[in-house]
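Dropping a structure here in C-alpha cells format, bear with me for questions.
Which chain is which? They are A, B, C and D, in the order written, and residues in each are numbered from 1.
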Amino acid sequence: MDLLEYQGKQLFARHGIPVPSGKPAGTVEEAVAAADEIGYPCAVKAQVQIGGRGKLGGIKIANNQAEARQHAEAILGMDIRGLTVFEVWIEGASQIASEYYASVVFDRGAKAPLVMLSTKGGMDIEAVADEDPDAIARLHVDPLLGFQDFHGRRLAYEAGVDADVVRPIGAMLKKLYNAFIAEEATLVEVNPLIITPEREVKALDAKVTLDNNALFRHPENAELRDRSAEDPQERMAKERGLTYVKLDGNIGILGNGAGLVMSTLDVVKGAGGEPANFLDAGGGSKADAITSAVEVILSDSKVTAVLFNIFGGITRCDEVARGLIEAFSQLNPSVPFVVRLDGTNDVEGRRILAEANLPNVYTEATMDGAAARVVELAKAA
Amino acid sequence: MSILIDKNTRLVTTGITGSEGKFHTLRNRDYGTNVVAGVTPGKGGQDVDGIPVFNTIREAVDKQGANTAMIFVPPPFAADSILEAEEAGIELIIAITEGIPAHDELRAFQVIKKNGRSRLVGPNCPGILSPDKANVGIIPAGFFKPGNVGVVSRSGTLTYQVGNELAQSGFGNSTIVGIGGDPVPGTDFIDVLGLFQDDPETELIVMCGEIGGDAEERAADFIAAHVTKPVVGYIAGFTAPPGKQMGHAGAIVSGSKGTAAAKAEALEAKGVRVGRTPTEVARIAMEILGH
Amino acid sequence: MDLLEYQGKQLFARHGIPVPSGKPAGTVEEAVAAADEIGYPCAVKAQVQIGGRGKLGGIKIANNQAEARQHAEAILGMDIRGLTVFEVWIEGASQIASEYYASVVFDRGAKAPLVMLSTKGGMDIEAVADEDPDAIARLHVDPLLGFQDFHGRRLAYEAGVDADVVRPIGAMLKKLYNAFIAEEATLVEVNPLIITPEREVKALDAKVTLDNNALFRHPENAELRDRSAEDPQERMAKERGLTYVKLDGNIGILGNGAGLVMSTLDVVKGAGGEPANFLDAGGGSKADAITSAVEVILSDSKVTAVLFNIFGGITRCDEVARGLIEAFSQLNPSVPFVVRLDGTNDVEGRRILAEANLPNVYTEATMDGAAARVVELAKAA
Amino acid sequence: MSILIDKNTRLVTTGITGSEGKFHTLRNRDYGTNVVAGVTPGKGGQDVDGIPVFNTIREAVDKQGANTAMIFVPPPFAADSILEAEEAGIELIIAITEGIPAHDELRAFQVIKKNGRSRLVGPNCPGILSPDKANVGIIPAGFFKPGNVGVVSRSGTLTYQVGNELAQSGFGNSTIVGIGGDPVPGTDFIDVLGLFQDDPETELIVMCGEIGGDAEERAADFIAAHVTKPVVGYIAGFTAPPGKQMGHAGAIVSGSKGTAAAKAEALEAKGVRVGRTPTEVARIAMEILGH
C-alpha cells in the first residue's frame, strides 16, 4: 500500500523523524483554516501518488489567506496525470540550505534492507542513479542486527554530506530504518531531506509503501486510504480479497495463481485477443470467491467474453465449477464463458459443470485451445 | 535419483489439523510420502487419520525422526513455525503458506542462512514433487511421471501448466520444485539449478520465471558459469503493463527493469532457449532431447 | 548489580510483567500506611539479597493493622545472615494454585541467553537441578532473533505446565526475555511464578542482576541501591571506581588486572600470609587512582603491611610510582609497603620511586620475592 | 611462524586520536608492527605521527589495505567499532577496550560468528604479541623474545607475569595471545589451542586461566581430543572466596562450579600439568622441554 505524502509524514512523526508541521484538508474551507492555523508563508500540496506534481501545478506557496484560498481552489479537484486531487496538505514553508536524498528499500535481490543516501536530493533519483551512480551511497543492513551507528557514519561520509550534519543525518537514517522495520514498510523515501539554514535536518517529502500482508499487525495503517488512486473495479476486487488489475481489452480473464494468469494474458494476446483484466482468484479459491470474481469481471462493461483458466493445486476444480454455477444463477451473464479446468479434483469439476449445462459456457481441454476459443467468441460478440 | 525429497523423506506437517493442512497431508501420504507426524499446539496426543499430532516440532523430530517439514499454518504464525522447524533441526522446510508478511520472511531467511543447518523452500510455493518417490505440498501429482526433466518455477499453477505440457509431450520429471513468488524465497533458482546440475537423473532443466526482481537474470549468470546441462526457460508476463502489481509481491515491473523481455534476453544471451508459451517450452525440450 | 525484590518487581511492572501490587517502606509508620493502602491480608517482606529469608522470619502475613505494625517492627532492622534489613516491601497476599520457576540467564558458555522454566517452583532451583534435572526445561535464544512464540510454546510444553496456561506462560517468558534484553540484565529470575486460583500468572518474587557496564544507558537503574549489602570499604572503593573485595587477613594487596591480583593472593597465601583484600586498580591506572586505592586499603584497620604488585601493560609504572608518592604525602602511612614494578615504563617508575626515597617502602624484583618480603614484614608488625 | 599476527599484519587502530590509542599504536609501530591507518570519525584527513586517519574503517581497508583492527574506543562505542570492522571485512579484530556492556559483546559475538568472515580477540584483552614480528595491543613487548612456547591467557597482566617467568627461564614465545576476561570473549582457549597445535614453531603451550565460567574445563576436553603438543596450565584464584566478583566479570565463583581447584582438576584429569604459581609454570616447562 502506497501512502500519500501527508500520511507518510504523520507516520514519520510517530517515529521521531522531524517533518514540517502541517494539516490535511479535503475542502477549500478546511484548507484555508489549516493555513491560518499554520501561518504564512505556507505550502499547499496536492496529495496524489505521482512524481513531478510541483511542475504540474500541484504545489503552491501561499503568503496570505487570499492566496491560500486561491491555491486550494485551484488544486483540489485538479487532475494530475489521470489522478484526481481529493486532498491537499498544508504545511509551513521551509527554508532550504541543502537538499539531500535518503531511503530504505526492501532489497529482494540481497534479501536485506538497503539504505541509500545522496547529496543530490530534490531530483529524480533514478536519473541520478543512471547518470552519476557514485553520488548515491548504499549500504545493506543485516536485519537481525539492525541499524548501527557505524552504518549512519559510513553512509554520511560516503555520500559526502556537510561535516556538521554527519551525526544528525546518521540519527535520521537510523530513525528511518527503525520506522521501516516497525511499520513493516517495503519503501521509506525522503526526497528531499533538507538542511535548513539553522542546520536542522527535516523530511520535506515522504514516500512510504507498506506491506499489505502485514497490515493486520498495524490497524492504524490499515485504515489509511488513497482515494485518488482507486479504480472502482479494483476497489471492488480488493474488498472481495481478489487481486485484480484493470487492462484495456475486452476479454475477461480469471485464473488461479499470478504466474498462470500472466501466462494466460500472454497466450490470449498471442492468439490475437486483448485482455480486459488480470484476475488472480488466488490459492484455495472457494465457490463464493469465484462468484465474486465473476461479478468484478462483468462490472467492466467492455467485456465481451470471459476465459476461466484453472490449474488446481490448492484450488479445487469442483469448487471452481460450483462457484461458476452460483455466479450464473446470481448474475445471469450475457457474454460467453470459456472454461479450462485441470488439476486437483478436475474430473469432479468437469462433471459438475457438464451436469449444470450452463448456457453459453464452453469447456476446452488446453490453455492454447481455450485462448483461441475465447478470442474467437470475443470477436464474434 | 531426485533432489530434495525422496523415499528418505520423513514429513511433519505444521498446521495439520486445519482443513487445508489435513487435505494435502493426506493426499501427500496417499501418494506415498512418508508422513510421520503433524504439529498443532494444544492438540498433542491426538491423531489425524492415524498420523500422530504433537505440540511442538521438536517432539516430532525426537519421537518420529521427522527431517522435512511442510508449513501449512496461517500467515500470521507461519514464520514462527518456520523458525521452530529450523530450531528443531529440520533439514528441509517447505512453506506452502501464502501471504506471510515480508519482514517475517526476511528474518526467517536470514536466520536460516546464517545458521546454515536447514534449507527453506517457499514460502508461498506449491511444494516439491519427485514423481513416484514423494510429494510434499499441493502439486497435483497425477499429471506427472518419473523422468529426466527437472522443473523449477516461481509460480505454482504455472508449474503445473508447464509440467503438464511436458507430460503431454511424453516427458517425465526428476523433480519439480516450486520456489514461490514471494519477496524473499528461501531457495532461489540458482540453488535449484545447482542441485539439478549435480543430479545424475536430470538431463534437462526447465526454469519458469516471471516479471519482477532479478532472479532470472542472476540465474542466467549462474547457468553460464556452472550449468552444463541444457536449460529451457519460460517467462510469464510479456504483456503485463509496467508499474502494476500482478498478484504476487514478486510480479511487478518497474521501469525497464524486471520485464519479461529483459529476462528472456538475459537468458538467451547466455545460450538458454526461452519458450514464449508453455507449449513452446515443451516443443523446445523435444528438440533438445528428442524422443 | 543485584536488585532487591521490590526493585526487581518495579522493573518487571515497567515491562508489563504481572506482579502483586505493593509499596516499599523504610520505617514502621511507612509500612503501616502502605499496608492500610494495600489492604489486608498483606505480606511484609524483608528486602535483603539472601535466599530463605522466609524461614528466617523475614516474610510475614498481616491480617490487620496491628499485625502489620508488629511484623514491620520485627523485620525492620533485623539481621538476616549478616545483612541488616533497612526496607520492607508490603504487598497484597496472593492466592496460589501452582508455583512454577522461570528465569533468563546470560549463559557465558553458550554465549546466548538461556531461558529456563520448571513446574518445581518455590524451591531452591539448584537443588532441583541436581536432583531432577529433567524437571527444568531449558532453551537458548538467539539474541539476534529474539524470543519467538515457539520458544514459549516449547518451554511450556517441555516443562509440562497446565494446558490452560501454556499461552500466558509463553507470553510471560517473552516479557521476561524482553526485560532481560532491554534492561541489559545478566539474570532475571522469578521463583515462584504463581498461577492463582483464577488462573492468572504472576511473578511472586523477583531476582534481577544488572550489568554494571551498561548502567550508563539506564540512569533509572543506576540510581538503585541496596544499603543492606554494602560494606563501608567496598562502597568507598566503588565510589572511586576501584574493584575492591574485602577479605579477612592483614596484608593489603594492590595490583593491576584481576588475574594478576588473584595470582598475588594465591602467592601471598602460599608464602604463609593472609590477604586483607583484593584490589584491582584496573587498566591504565593513573596516579590519583593509586592514591585513592591506598586510602581504601589503609581504611581497613587490620592491615599491617601492603603489597604493590604491578606488571604494566596499559598501566604505566611511572604513574604508579607517582601515585604512591602522592599517597605517602597525603596519608603518611605507618605500615610498611613492598613494591614490585615491571612492565610499561618500569625503569622510569623504579627510578622515580628510588629518588623519592619513601620511608618504609621496600622494592622487590619478583612477585615471589615481594610476597615473601611482605609476609615477613606483616608478621613483624 | 606465529599465529594470528606477523609481518603481513596491516593494522588500523580505531580510536587512534585518544591518548591511550595513540600511545599504544605508536609503541606497536616502534616494535615493528605495520600500522597502516587510524580511524576517528570527524578526523579523517589528519594524521597521527604520520599514520593517516580516516573517518571510517571501510576507508582504511579500501585505501590502506588494513586487514587487522585494534579497537581502542571507549566502552559505549566499542561494540559499534567492532561491528564496523566486521562489516568492512577486517579479518582479525583485537579489542582492547575494557568495560563493554555484556549485551553489546553478545550481539557482536553472534554477528561475527554467524557471518564467519572475521575473528575477534577480546574484548578487554591485552592483545597479541608475536615476538620480533608484530605486537598489537598493550603487551609490554620488551620482556619477550622469539621462541617455541605459545601462551594463551584470560588475564592481561597475568600473561605478562607468566611470560616473564618463562623468559627468565630462557624460553621465547611463538605468540602470546590474551583472550580477555570478559563475559563473551570473541576467541576462546580452544580456538587458540587449535591454532598453536597447527603452528609448527610452537612446541609447548601455556594456558593461563582463572576462576569463573567453564572455559578451562572445555579446554581440557579439547586438549584431550585435539592437542598432541604438551600443555602447561595455570589457574589464578585458588584462594578467592566464593560468591565474590573479583574484578573481571569473569572472575566470580559460584558454589562448587568454576573454582580454581575444579579447573586444575579438570586439566590434570586430561594429563595437563598445572603450576600453582607462575614460577612453577616455568619450572614445569623446563622439565618438559629441557634446555
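Note that in this section contacts are C-beta pairs under 8 Å (C-beta built on N, C-alpha and C of every residue); 3 or more make two chains touch, one makes a residue touch a chain.
All values derive from a computational prediction rather than experimental measurement.
In terms of the stated touch criterion, the partners common to chain A and chain D are B, C, listed by label.
By count of C-beta pairs in contact, C-D exceeds the other of the chain pairs C-D and B-C.
Measuring from the averaged C-alpha position of chain A to that of chain C gives a distance of 55 Å. Computed centre separation for the pair chain C/chain D is 27 angstrom, with centres defined by C-alpha atoms. For the pair chain B and chain C, the distance between mean C-alpha positions equals 54 Å. Chain B and chain D have Cα centroids separated by 47 Å. Residue numbers of chain B whose C-beta contacts span two or more other chains: 107, 111, 114.
Counting partner chains per residue, chain C has residues 142, 144-145 touching two or more of them. Shown here, the protein chains touch in all possible pairs. Touching chain D in their complex are the following residues of chain A: 142, 144-145, 148-150, 153-154, 157-158, 163, 166. Residues 106, 108-109, 111-113, 126, 142-144, 181, 184, 186, 211, 213-214, 216-217, 243, 245, 247, 255-263, 265-267, 269-270, 275, 278, 280, 282-284, 310-315, 342-344, 346, 367-368 of chain C touch chain D in their complex. Of all residues in chain B, those touching chain C in their complex are 41-42, 44, 55-59, 77, 80-81, 83-84, 87, 107, 111, 114.
Contact residues on chain B toward chain D in their complex (touch as defined above): 114-115. Against chain A, in their complex, chain B makes its touches with residues 20, 24, 75-76, 96, 98-104, 106-107, 109-111, 113-114, 126, 137-140, 143, 153-161, 164, 181, 183-184, 208, 210-211, 213-215, 218, 236-241, 244-251, 255, 260, 276-279.
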